[in-house]
Every structure is written in C-alpha cells, then in structure tokens.
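A single structure is presented below for examination.
For clarity, chains are labelled A, B, C, D and E in written order, and residue numbers in each chain start from 1.
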C-alpha cells in the first residue's frame, strides 16, 4: 500500500531546478531512504512535502489524499511530522516543553479554558506531559527534561527533535540527517531507535542521511537523487552497486 | 505666633472660624508656594523661562525682606507636560510640601486634569499658564486666571483683522492642539458675530511634529489670503514665515500673543518683518523699555539669569509672581486660604504690574479681556523690535 | 501648488534620509536601532552653535569642531555604554540607547538651555525650478545625502572592510574567528554614524531651528523612512525619505492636514504589506 | 509553579494589600501606586506580546488610549456601569489589537515596529478630530467608579480595584503561558519554521497575541481614564514616548516574565518621580536614563533574573568546589 | 607548536573541560575523538580565545595565547572551521570566502588561492554569487571549510568537517586535508567519523566528559579494542557494509 506518493515534483529557485520531475513512493511501514550528493535536492523534497515550499509543479499524495495545497501547519494533523537538517529547536524552552509543542495541534484546550484552568485543561496537561515523558524515556534522555534545549550537545539536540516529532503520533516521519554529528556507537543506537519506531509504533519513515552504514542497514528501499532527478531506486544492494550512484555519490571503492 | 499647622482638607467655605490661624505653608517668616511646569521634554522651552520669571520676581521681593516679613519660598515640580504626573505633583505640593498656594502652573492638559482636585481642596491657584477658558468658566472660587484665554484672544484677533486691517481674504493657520483649536473656534465665532464669515477663506491646520510647512503656506497662498492669522508656538510659526518668504508670498501675518517675544526675530529673521502680533502683558519692547516697571523686569532677569534673553514666558512667570505677591500684601496677616481669596477679590483694575488692569470680584474671576497689537520691525540680525501700534482693545 | 509640494517634499525627505543614514549604519553592524542618534546629532550641532556664537569661530571651524566632537562622542558611547552589553539581547541594547537619549537630552538641556536658536545654512537663498522654489541649502542637503549614500553603499558592498562589517552584524562570534576585530568594527561604525548624525544635525537645523528637541520628530521620521525604503540597505533610507517627505505633503495638502501622518503611515503599511522588507530591501529567506 | 513560588506570590499579595493602609500613604504616593499598577497591567500585556510571542509593538500607548476613551464614552455617554465598561473596553481594545495584528502577519522586526508606531500616531490624530467620541482637545472627564452605591472616590479604594484586577490578570496570564497557548507563542518566537511544522497556525497565534495584549492594555486604559479623571488625545500616556516607556519597563524588569513586568512598571513609574525633586532641572532625566542603562548592563535579561543570577554565582562557587573533588578522584 | 597545559573551561558554572593537556607538533595531523558533549568543541573554542580558560595555559609557538582575544589569535595563524556550518548566511559565497582571507597580508595571492579552493569545491564556483544561507546543508559545510582554508593558517582546526557531507565528498575532504598538511599546515581535527580521522592523523586524543582518557599514535588507537567498539563502529546491527 502506498503511504506517500511524490508525483512528478519540480521545485525551481530562480533558474535553478532543485528538484526536477521527481517521482517516488513510500509504502506503509517502510523505512525509505532518500540519498544523493550535497545539493541534490533532498531537503527541498522535505520542504515541499511539509509545505514550506510551494512546488513549481507536481503532486504529493499522502494516505490517498492530495496534500499539495495544505498549509504548513496542517501537515502535522494530516499525520506527517519531521526533523530539520540544521536543528530547529525552541531554544528558550526546556527539552520537555519542546516536546509538548508537538502536541499543540492535538489538544483541545483554548485560550479561555486555559486562562481559567478548567479541570479538563488540567487533565489534558497532565496527560500530554506523561506522554512526552514516555517518549523522552524511549529516547533515553528523560534526565534532560528540564534543561534548556539550547544547552544540549548537538547529538542530544537531534534526539530532542526526533522526540518532538514523535509526540504528535505521526504515521509518517521525515528525518533529515538524524545521524549527523553522532559517532558510530551513537549511530547504532539511533538505528535501533528508528527500527523500534517502525516495528513497535508502526511509523513509516522517510530518511535522508549521508551515513551509509545507517542507510544501508535499515532502509528497505532507497531513492538516489542527483541534480534534482532520480538516478536510481531500489533495495540497498542494488543502489550500492549502481555505477551511476558510485560515481555521483559514493565515490570509489570503500563505502562508509 | 502660630506654627505651620495642619490644614484640614475641607472646602474653603468651612474655614471661617480659623480666621486668626495661618493656613498651611505659612510661618511668621515664610510663605511656601508651589508650581508645576514642564522643565524637561518639548515644553521645557516654555516651562523653564516661565519658572525663571517667577524666581526672578520672588528673589527680588525676598531681597527686599519679603512680604510682611515673610520670605517667599517657591517649590517647583517638573511634570514633563504629562498630565498623569501633573496630578501627582500637584497633590505632592498640596499634601506633602503643604504649600500655601499654587502659582504660575503651566500646561493645559495637566492643569485641567488636576483642576477637580484643586477645586475640591480649595487651595488658591493664581495664574494658569494656559489659554483655556475653563479656569474662569464656570466660576471657581479659588482660581485666579490672569492671561487672557484663547477664546478672548480669538475674538480680538478677528475684530482687529476686520476693523483695522480691512482684510479681504482671511486665512487661519493653526496648530492642531488645544490652543489652536480653541483660538480657531473663537475667531470663527467673532467673524460670525460681526457678520463677516465670508471673509474667512481657508483654515489650515498643522501638526506640532511637522518639519515642513510648505503645505499650509501654499494653501494660504492658494486661497489668496491677504491676512493670515497664525495660532501656535514660536518654532512652527517661524517655520511658516520663513517658508512663505521662500516662495515669495507676503501676506499680512497676524499672530497670537504666544509668540509675542523676540524669539520670532531670532528664528524667522526678516521673514517676520511687518508681522503684527497680539499682546496682553505690558509691552517690554521699544518705547516702554525704560519705564520703571519694565526696567525692573529686565534688570532683575538680567541679574538672576544673565544668559537668557527675556521672553514672553519670562514675563508670564513674572506676572504670576507679581499677582500672587500683590494678593499676599493685600491679605496682610490674614493668611488663611479664605483670607487670601478675599484679598484677591479686592483687585480692581490693578495695573501696577506687567499685567493689564486685573479685576476679580466675589462672583467673577475672569481674566482681563483687553489686548493690544504691535508690529514687528526687523532691520538686521542685531536690530529688531516690536512697535506698539494700538491701545488695549476689547472685543465687541 | 502640486509641483511646489513635490519639491518641498523632496527637500524635507532629504533631511529625513540624511538623518537615517547613520541609523542604518549602526543597525547594519549591531542590529540596534539607536534611539540616541538624534540626540547625539543635536548635541554636536549645539557644539557648533556654541563655538560660533560664544567663541566667535567661523562656520567651517565650528563645523569641523562639531565633527571632531561627534567622533569622540560616538567612541565614548560605544566604548562605555554599548560594549559592556554587546552580548545582551537586542532589545536590551535598544533600551540602553533609550536611556542614552534621556541622558544626552538632559545634559544638553542643562548645558545649553531650552531656548530655540536659528542656525546658519552653508548657503543662503533659493533656486527656482519650473516656478517651484527650493532653498539652496535643502538642495545641497539632497546632494550630500546622495553622495554619502553612494560612499556607504560602495564601501559596504565592495570593500573588504565593508564585507567585514556585514559579517560582524551577521555573527560577531564567527567574525572574530575570521580575525575581524569586532570591537574596532563597532567603534568605527559608532564613530562614523555619530559623525553622520552631526552632519545631519547641522544640515537640518537651518530648517527646523536648533533646540534640545529638534531631532525628536525628525528621528522618528528618519526611522520610518529607513524602514519604508528597507532598513538593510543605504539606498533604502534615501528612497524612503523622499517618498515619506512627498507623501506627507500630498496627504496634508489633499486629504487632511490633521491626519497627514495617519495617511502617510497607512500608505506605508500598505507598501510594506506588498513588500515586507522595504521598497529596496531584500530578504534572505531562512533555509531549513 | 512550585510551592515556594506560590508562597512568595501570596506574601507579595498580602504586602500589596496591607502596606498602603498601614503606611497610610499620602494621596500623591497612593496615586503613584495606583498608576504604577495600571502600567504594570500594560507591561504584562506587552510582555505577553513581546516576551512570549516575540512580536514588537510601539503602539501600546495608543491601545491605552482606545481603552481609556472607550470606557469614558461608555460610562459618560451610554451610562454603562463602570465594571461592565471596564470589560468592554478590554474587549474592544482587544478587537482593535487583532486588527493591528494583521500587518504583523507579514512584517517583522523594524518593519513591524514602524507599522505599530504608525498605528500609535494615527490613533491620537484620529481621536483628536473625532470629537463626538473623545471630546477632542477640550478633553473629557470620566467619573470615579461606583459599585452598589459605593463610590471609589479615594485613591486607596480605587487601588483595591486595580490590585484585584492585577491579581486576576496575573493568574490568567500565568495559566495561559504554561499551557498550550503560551507554548505556541514561545515556539513561534523561537523558531517560526519549526512551530509551523509542529502544527502551530502562526497567523492565528500572532493575531491572538496582539488581541490578548491589547485586551490587557484596554483594561489598563479604562482604569487610567477613571483614575486621572480627565484626558485629551495628546495625553502623554497615549504617546509614542509612553510606548517606548512601556518597552523599557519590560526590558529592565525582565522580558518574558510576569514579575519582571510588574517590577519594571513600578521602577519606571516611581524612579522619575523620586528623582524629580532634585535641584538641577534635567538631573532627574539624566539619572533615570543612567539607572536604566545601569540595570541593563548589570542585568541584561532584566531585574527579575537578578535573583537567578545570584543563585548562579552561589552555585558556581559551590560547583567549583565540587568539581575539584571529582577531578582529584579521577586523576 | 601548540600546547594546552591543564586547561579548565566552563560555561556559566558548568565545568566542561576539567584539566586538558594536549600537545600538537608542527606538521602533524592530530585528531580529537569523543562522544557527544565530551567537550571537543569546547577545546577548540578555548584555543581560539572564544572561551577564557579558568585555569591552565596555552602556548602557541612558544608564546602564551590564553586569555588573548580571538582576532589576535587568528592573526597569529590559528584558524578554525567551526562546528555546524556557521557561515555568514546573508553574504554571498564569494564574500564568505573573502572574509576567510581577512587577516592575510599577502593579498596578491588571494585570487590564486581562490582558484585552488574552487578547484577543490567546484560547486562553490558555480554558486559564488548565491546567498550562502540558501545553499544546501552540505554546500554550506564545504563553504565553512573553504573559508578556513582561505586564511592560509599555520594551524588549521576543523570541527567535524565531514558533517553532512556526501560520502564521496568526505573522502575528498580528507584527501584535501592530507594535501594541505603536506604543504606544511598543521591540522587539529575533531571528528565523529573516527575511522577516517584516524586514517589520516598521526596522533589522537580520546576525550570523555572533559578529560583526556586516552592518547597515542593514530595507529595504536585504531587497534585499541575500546576505541574500536565505541568509535569505529564494531557492531552495527546486521552489519554488512563495513
């Protein structure tokens, strides 16, 4: 079953075609890799799906519904959540508060009920706090809950971003270079985490990453982009040995 | 003798029985008076010289031993032209500093904001540096306004333009604030009364924050104004005169008493030459310069504030102080609020000071209504003066 | 009448623009809108005035002296008031300049009094253009403004020092890692913009007259002009200043004099709505 | 909010309630106290907008004017009872705030500052000529409030109205900022992009922030009108200068803190008045300016953080000590 | 060439470096490895002068530099490519590169070096007039490294240069580092990609929560079991790539 379909997507900046008639699709419950050289257009694809960019042409379909016309803040309610390549945390908020923001679209409290702290609000607050703490536990950073997000080392910030994306209980999560800045053992833990998200929570994962050990290990299917176009698609084995991919992206003999 | 005793804050009428007692702020050797004015911010331009005018006169009196052996102590508070502060400072003066009277306060909005309080307290309030007519009407027992209000002035200006200048096309350029709008309405009112409303060809407002005055000048010119009445403060009016000269437009300017001092010459230079300006206080320029009461003023200012050019605002402060001192003299030892008010109400065409013929009765504290006109004569940067061209005129 | 209003609008706009250039220069390096800019300009202008009237100096001697004074003032302000809190939030810096404004204004009132004075123009007289009149002094202001704008524009865009200034404003920490002595950069920009302010003050004073409050409304207009044109360029304030000057005149001439600023601002908001970063400003879209 | 914080707030409220009658403050000081609490309400509103939502406003003086004149008009012309007029003033000002929030959807930083500045100028200009509503330059005299026949004539009795309102508004604010709305505002402030990705409708929250902030200021405006009892359109409290003053309040008090708003309002209201009785005329202005600068230099994040900083220093001393031990063991 | 002796540094009251001693010989490539938050970046910031050490001393070519301002330290020839693509987003690519050469005295050679940089990173030449903030993440990273190279430093400090770069470019980057080193530039390298780092380094330090827990020749570290397990990725799940 196709969960996300990117159909003939094109995104131009001035004269530059950052994404060029790109099509691919992700199945439900799949871990799908999107790789390619720097500047190939991967982040741009993410930005189109999460609606920060208005694609020049093409369609994006999620769970059978076209989402190309939605507003950025409506995407999370559609069931898609994401992280950012250059960490975008809420700097002056604690780690826990960062996670709570991920719940904003799903809580029913409004300004009046909150101002008067109705018991429904209190109950809801307690619930989302517990849920967020659960997630921090899964990420193994619950001890950081009350520290400021900006004071965390890069790797932890990346985890917090994942946590924030998770609290909205997305059905598809898009991770933009989650392993950047992590060493091997940390990357391994991340791999386990991603697998767990898929296996235990049933979340579909769209992954952009330059760490080939991670990509090749956990992705079922991979799409390789270059200059905005798809140059290869398939299972890791296929991609890894594709001469075009080696030439444009992996470069020579040894990988990773 | 009585010491500086607590004055219960009851309305003035209830203080009959305290006749022999002294009101707050009075001892055998001193009388404390208070004032609020803007000493910082944009209106400090007016507040500072006005305060200095008062200080000069009180210093002069104190140097002579004071009034009945009492020296006058002036407590001033900077209200920054902010009514919320005026209200607070006024109370501070009345309740903490326990002044005997308020003298020479400045700034229409602040004075109106504190008016209810002052009326309720009953403390004497001599001279309000404001052209609003609200201090006199309706009647308030403890208020003694001195300078003519803008309504009176407007009437006189209109009449003068029609009768003496034979205006064909009158244009009013007015400052968009309390002063300008009250004056404007008064001029319109008087023209109507004279049956000459058709002479008024245009009314053009400007804002105090304006930098460029070409629009009002051009509009006046477009309306073919031969007499242009200017209502506002010195800086913008000078700007208007300069602009008019620049574009070669030479109407007869007729300006409010607010700019009746030499500042205009310093700013507008020859562009001010020939302008006619209203005055209400005794003229201090030209022929009168050597008259004793003018000389006293000029010399005293020079003595205490040698770096300042005596201006209309100094005159205003001087008059405020003079008027108060005269009341004090007349009250003698009967220095209760009531006693002072009674003394003030004996003024009848009092003309010894720089104010013209002040009269207060038991039922009417309206300031004097007569004004005169003078003409600006500018020869060069160092030689300029006003020449008095009319007697005091009262509006019909 | 319309032509005269346009011309006068340009003349006034030139004053706004000149006052705005220094504002923009500081903003470009330290992200601070210097509220004290106008007061510093006023103070320097008073120095010129006092040396002329009390010490009998010539216009040019006084002019130079005022510029010298301005550079010292700019240096002191940066060194002792701005630098200690370089790393504070921008809003805090803004408030420091607000405090400075009060201090400089207060000292000026104390030192120079509150009287209004006339201030001589470099050149006297008027010029006629198709029947409309512009004072030579105002025309000269326009020329000087455009000239200074050109220099600043060139400096910042094309010289290494200019690039260093921009780099400092984007990220002072990283700029230091590139070997840029950011403190010098700050000092220099404050000195230069204080000098620009003094020049503006001495060109504006003949029109608005000189007193301790001469700059308060001019500075507000200058700020508006800079924003209208685009706060991030030097062409912006000039374009914005001229438009604002004309807009005000047209609004007060043909719509309502009482509401002239209201209409001028309404139009500005509409223009900004269409182009949110000012008419000639550009925005660097944040990329994620 | 932890227990310690609760207790300190309660102690504060007690002090605020009891001090005036115990000290038997003279009228002028009681009045200043009233005024500073009114400004504190504005500061809380402004802080919600600037400190929490990250949107600048130089138009709060104008909001104060809208609230003040609305209340005056409702009570004087339409004879609406004060307490209803108070709420309505807040609501109507809030609606005006939402309108001003619209430009904020597209503008930021200085550009937004100018839009709000323009609003400030426009409101006073419009009010000056809209005499049927405002009385123009002749001014208007709002009456002292009345409830069940009791007239709040004295500054002390009026103080309690203001105090209760302040407390209520502080509680509401506190509730708002620590729940969904507050988090959304802060998220939007820290990263608009991430906020959008997390499903926050940024346009909605920006306008909401303006509306909310204006609501507070409208309430304060109503209180101001009836405290002063007289106003004209060019009243300083409605001016750009005052808007800047409000800004200074929240910055020296502490951006993004409720207590800071109150501290800042009190300092900025009392300081110039305390220093104004000094002999040299502009000295008070110079001192006020200097103190503002000193506060910012010593507490760049505002006085509300002063306590936190002291604690920091203490902990640093302590921490150093601790670290050394650790290092020794490890070596 | 550079030595850190018993350096302690902190942020606020949090002590991050707890007595670091590091020695870098002229002409070497020295690698610092360590987990997230170990303090690697903090070491570089301390050397650059952005952080003043609480204790200890830093000597560069026989001269004490601790406590000196960053701009002075840079002018002595220590240049850093900071972590996390800290380019000047509003400047163009070319302007960023020019700023890199800000302290250089030999302005005449700059255009030659620019050519060389463009040769290393052809993408930057293509985009030289693009506003740097709109570059892709990897392109920004290349720019950050290129900018540091433009300074022609004596000691080049790279903070995670491979971050976010495509595998092929990573290889190229390490080639470039080697090449530059052979031209006489000493390199201090902070890397998560420990395998690559140790492949080109002569010497390495392993950092743990602010302390050096191990140091030695790169060869030795590569073969150390502990290092292998943590930093070289001994046991990826279902590893079939390594």
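Please note the rule applied: contacts are C-beta pairs under 8 Å (C-beta built on N, C-alpha and C of every residue); 3 or more make two chains touch, one makes a residue touch a chain.
Bear in mind the structure is a predicted one, so any value in this text is a computation, not a measurement.
Enquirer: Are any chains cut off from the rest when chain E is left out, and what groups are there?
Expert: Once chain E drops out of the picture, we keep one piece.
Enquirer: Trace the shortest sequence of touching chains from chain B to chain E and report its length in steps.
Expert: 2
Enquirer: For chain A and chain E, what's the span in angstrom between their mean Cα positions?
Expert: Roughly 29 Å separates the two chain centres.
Enquirer: Find the geometric centre of each of chain A and chain D from their Cα atoms only, then give the gap between the two centres in Å, rounded to an integer.
Expert: 40
Enquirer: Using the average of all C-alpha atoms in each chain as its centre, how far is it in Å between chain A and chain C?
Expert: 47
Enquirer: Nearest whole angstrom, what separates the Cα centre of chain C from the Cα centre of chain E?
Expert: That pair's centroid distance is 43 Å.
Enquirer: Quick check: what residues of chain B touch more than one other chain, meaning two or more?
Expert: Those would be 40, 44, 48, 176, 207.
Enquirer: Out of chain E, which residues touch more than one other chain, so two or more?
Expert: As it turns out, chain E has residues touching two or more other chains at 134-135.
Enquirer: Touching two or more other chains, which residues of chain D qualify?
Expert: Each of 125, 128, 193, 281-282, 284-285 in chain D touches at least two other chains.
Enquirer: Which stretch or stretches of chain E touch chain C in the complex?
Expert: 48-50, 69-71, 74-75, 79-80, 82, 86-91, 95, 98-100, 102-103, 131, 133-135, 147, 151
Enquirer: Mind listing the chain C positions that touch chain E in their complex?
Expert: So the residues of chain C touching chain E come out as 160, 163-164, 166-167, 170-171, 173-182, 284-287.
Enquirer: If we count contacts the way the header does, which residues on chain A are in touch with chain E in the complex?
Expert: Per the touch definition, chain A meets chain E at residues 13, 36-40, 43, 85-86, 151-156, 177, 180-188, 191-192, 195, 210, 212-213, 216-217, 248-252, 255-256.
Enquirer: Within the complex, which stretch of chain E touches chain A?
Expert: Per the stated touch rule, the residues are 11, 33, 35-37, 83-85, 123, 134-139, 141-142, 160, 163-172, 192, 194-195, 229-242.
Enquirer: Considering only the defined contacts, which chain C positions touch chain B in the complex?
Expert: For chain C paired with chain B, touching residues are 1, 4-5, 8-9, 11-12, 15-16, 105-106, 109, 113-118, 126, 133, 135, 207-209, 211-213, 216-218, 220-221, 245, 248-249, 252-253, 257-258, 260-261.
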